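Labels for the chains are A, B and C, by order of writing; each one numbers its residues from 1.
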Amino acid sequence: MTISAQLQETSAWQVEPWQDLSDDYRAAATRMIEFHMMSEIVGPVHEFRWVPRAPSLQAKLVFAAKSQDEVGHGLMLMRVCQDLTGKSRAEYIEQILDGPPRFMNIFHYPWDEWADPAIVAWLIDGAEIERQATLLRSSYGPYARAMRKILKEEGFHHHCGRYLIGQMMAGTREQRAAVQRGVERWWLRTLAMFGPRDENSRHGPKLMAYGLKLAHNEALRQSWLTKFVPQIRAMGLEVPDDSLSRDEETGRWTYSEPDWQEFSSLLRGGSPVGAELQRELRNARSVNAWLLSED
Amino acid sequence: MTYLHTFEVFRQKAPGDAHVHVGEVEAPDAAAAMVLAKEHFARREVCCSLWVADRSHVLRSQWDPDVFDAGRAKAYRRSSGFRAPSGAQA
Amino acid sequence: MPPPGPLPVGSAVSDALTGLADDELLTGHVLTSVAGWGPELEINIALSSMGQDEIGHARRLYALGDSEGEVDRMVYERPPAEFRASVLARTYPAEWELLLARQFLYETAGAARAAVLAGSCVDDLALLVAEMEHEERYHLDFWHTWLRTTTARSAGARDRVQRALDQMWPLATVSFLPERPGAVEEALGLPDGALQRARDEWISATHAACGQLGLRLCEGTPDPGLDRLDAMLSEMRYVYRTAPGRW
């Protein structure tokens, strides 16, 4: 089913945090939105490793603006979570710094070269645009409202990514090779990011029933392939997937299967990279906590 | 007693527009909230004025939709709800 | 008094402009970099905005003294010894109280200098200063507000800020004037001694502002250990050097 058809099926009801929501709904919304929130707060740890190193003043401005937006997304989602659960900012900061690592797979991998943040902005922020467009109709009012600003900014982030990748592709052979290697690194991770197909998705069906999730993972992945395979090729890159093909009649893509065990293990058990993100956040917090922490 | 207060932020797009609620920032006081609100809510967005108000000063209505709808159901409040002659009688 | 018009090629002025541009560049680098690590999410967003403003100013100031195409080379290829950044601008604090002290002094000094430079007979510079003022106005409000809010937090907080000012004030006082203020004043059509007078007024005003918050400004020796120019340039050039001139 196409994404637009799926959206039409969903009933248009929305709730606010002060209404009488069932415990089950609250728990489902909390789990989903806290995951999104934590992703937007650990993500900048990767980004801010690279902001100081942007290789031109224009790139510095563009990438600083993009990274700043992510901090803003973290803030907006933090506020949504705080009002949903009643936990304070301080409690949430503690949960992020010291609690279980619950964030997107893409942040569990090292971002060791300039090509990494550039590719993430291009392909992954690009992927988020369509997913987040569906969330504008989230049944949870505050989340739907936050998505309006977040979505606009994701569009900008994708554009940033294209700009930074474009700079490299117009450069030396080594710069172009670095981008190609990056696409190879990120290909399966990006496919996995959309999550498993429905039949293997633990929380998907409940989230769909509650109107918290409005598109199926596979539909979003298919849509991304349709949009980005041509874009990757137009950039002068090879798509690193021998199994990639498209059925001419149905338009459906076949692709190399991501490692779902690895995906599951990252989301449930974390990673050394993930642990390092939390450690860096703890270090930063310890320096300045005196300013705004509760007495 | 928490040191951070939640401040509701309202943004006016252009002179003559209403200030519209756009979200919240947390800060120790209103002046701090204001300088934070500007960059979070108006670094790109068209804006000529911002208000910040401590959440504790905002009262939320407790009435169900039915109570609000009862007001709207009154036909005598709408021109379309009752007739009036078009001109003076001869 | 030189005639009004485009910028004269005179080394006192171009040195001064390069110095201002370098200061804005380093300050922009500090703010956009520490924006990942500040005390709270809202503050981090504001730090990044202000840093982006400063980088924008640096770009325009470099361009005033140099041609468009050379600006990135000024940043990414110039040897460290050729940088004319002030000792205050070379600091790179991670701690909130040090960043606060640095920025409060940097911005207030910048505003005092800008008030003089706005009267320059060189149109391009006067225009640039006037445009920069729109952004600097917000910066001043931000740092004034947070100096007040931070100091009011607790006696311990005020002590931290005091110690931070003790470190930064000696750097700030020697960072105000360009190398040859007289030559700069002459070339820009400014009254003799205008910059020195601005410095004196800034010193008084800063004493008064700090005094209101229970803070003192103490004479001291600038600490050379706070100079982080090399580290900053090393960060900036980390990716650039993999393909110089190809970005």
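Please note the rule applied: a contact is a pair of C-beta atoms (placed from the backbone, for glycine too) under 8 Å apart; a residue touches a chain by one contact, two chains touch by 3 or more.
Just so you know, these numbers come straight off a predicted model, no measurement behind them.
In terms of inter-chain touching, the protein chains here all touch one another pairwise.
Chain closest to the overall centre, judged by the mean of its C-alpha atoms against the mean of all protein C-alpha atoms: A. If each chain is reduced to the centroid of its CA atoms, subunit B and subunit C end up 40 Å from each other. Averaged C-alpha coordinates put the centre of subunit A at 32 Å from the centre of subunit B. One finds 36 Å separating the Cα centroids of subunit A and subunit C.
The residues of subunit A that reach two or more other chains are 68, 72, 75, 89, 292, listed in rising order. Shown for subunit C are the residues in touch with two or more other chains, namely 40, 42, 45, 48-49, 153. Subunit B has residues 3, 25-26, 28, 40, 43 in contact with two or more other chains.
Listing the residues of subunit C that touch subunit B in their complex gives 40, 42-43, 45-46, 48-49, 138, 141-142, 145-146, 148-149, 152-153.
Residues 41, 44-45, 47-48, 50-57, 59-61, 64-65, 67-68, 71-72, 74-75, 78, 89, 114, 167, 171-172, 174-175, 284, 287-292 of subunit A are the ones touching subunit C in the complex.
Considering their complex, residues 1-4, 6, 23-26, 28, 40, 43, 60 of subunit B touch subunit A. Subunit B contributes residues 3, 25-29, 31-32, 34-36, 38-40, 43 to its touches with subunit C in the complex.
Residues of subunit A that touch subunit B in their complex: 18, 68, 72, 75-76, 79, 88-90, 145-146, 292-295.
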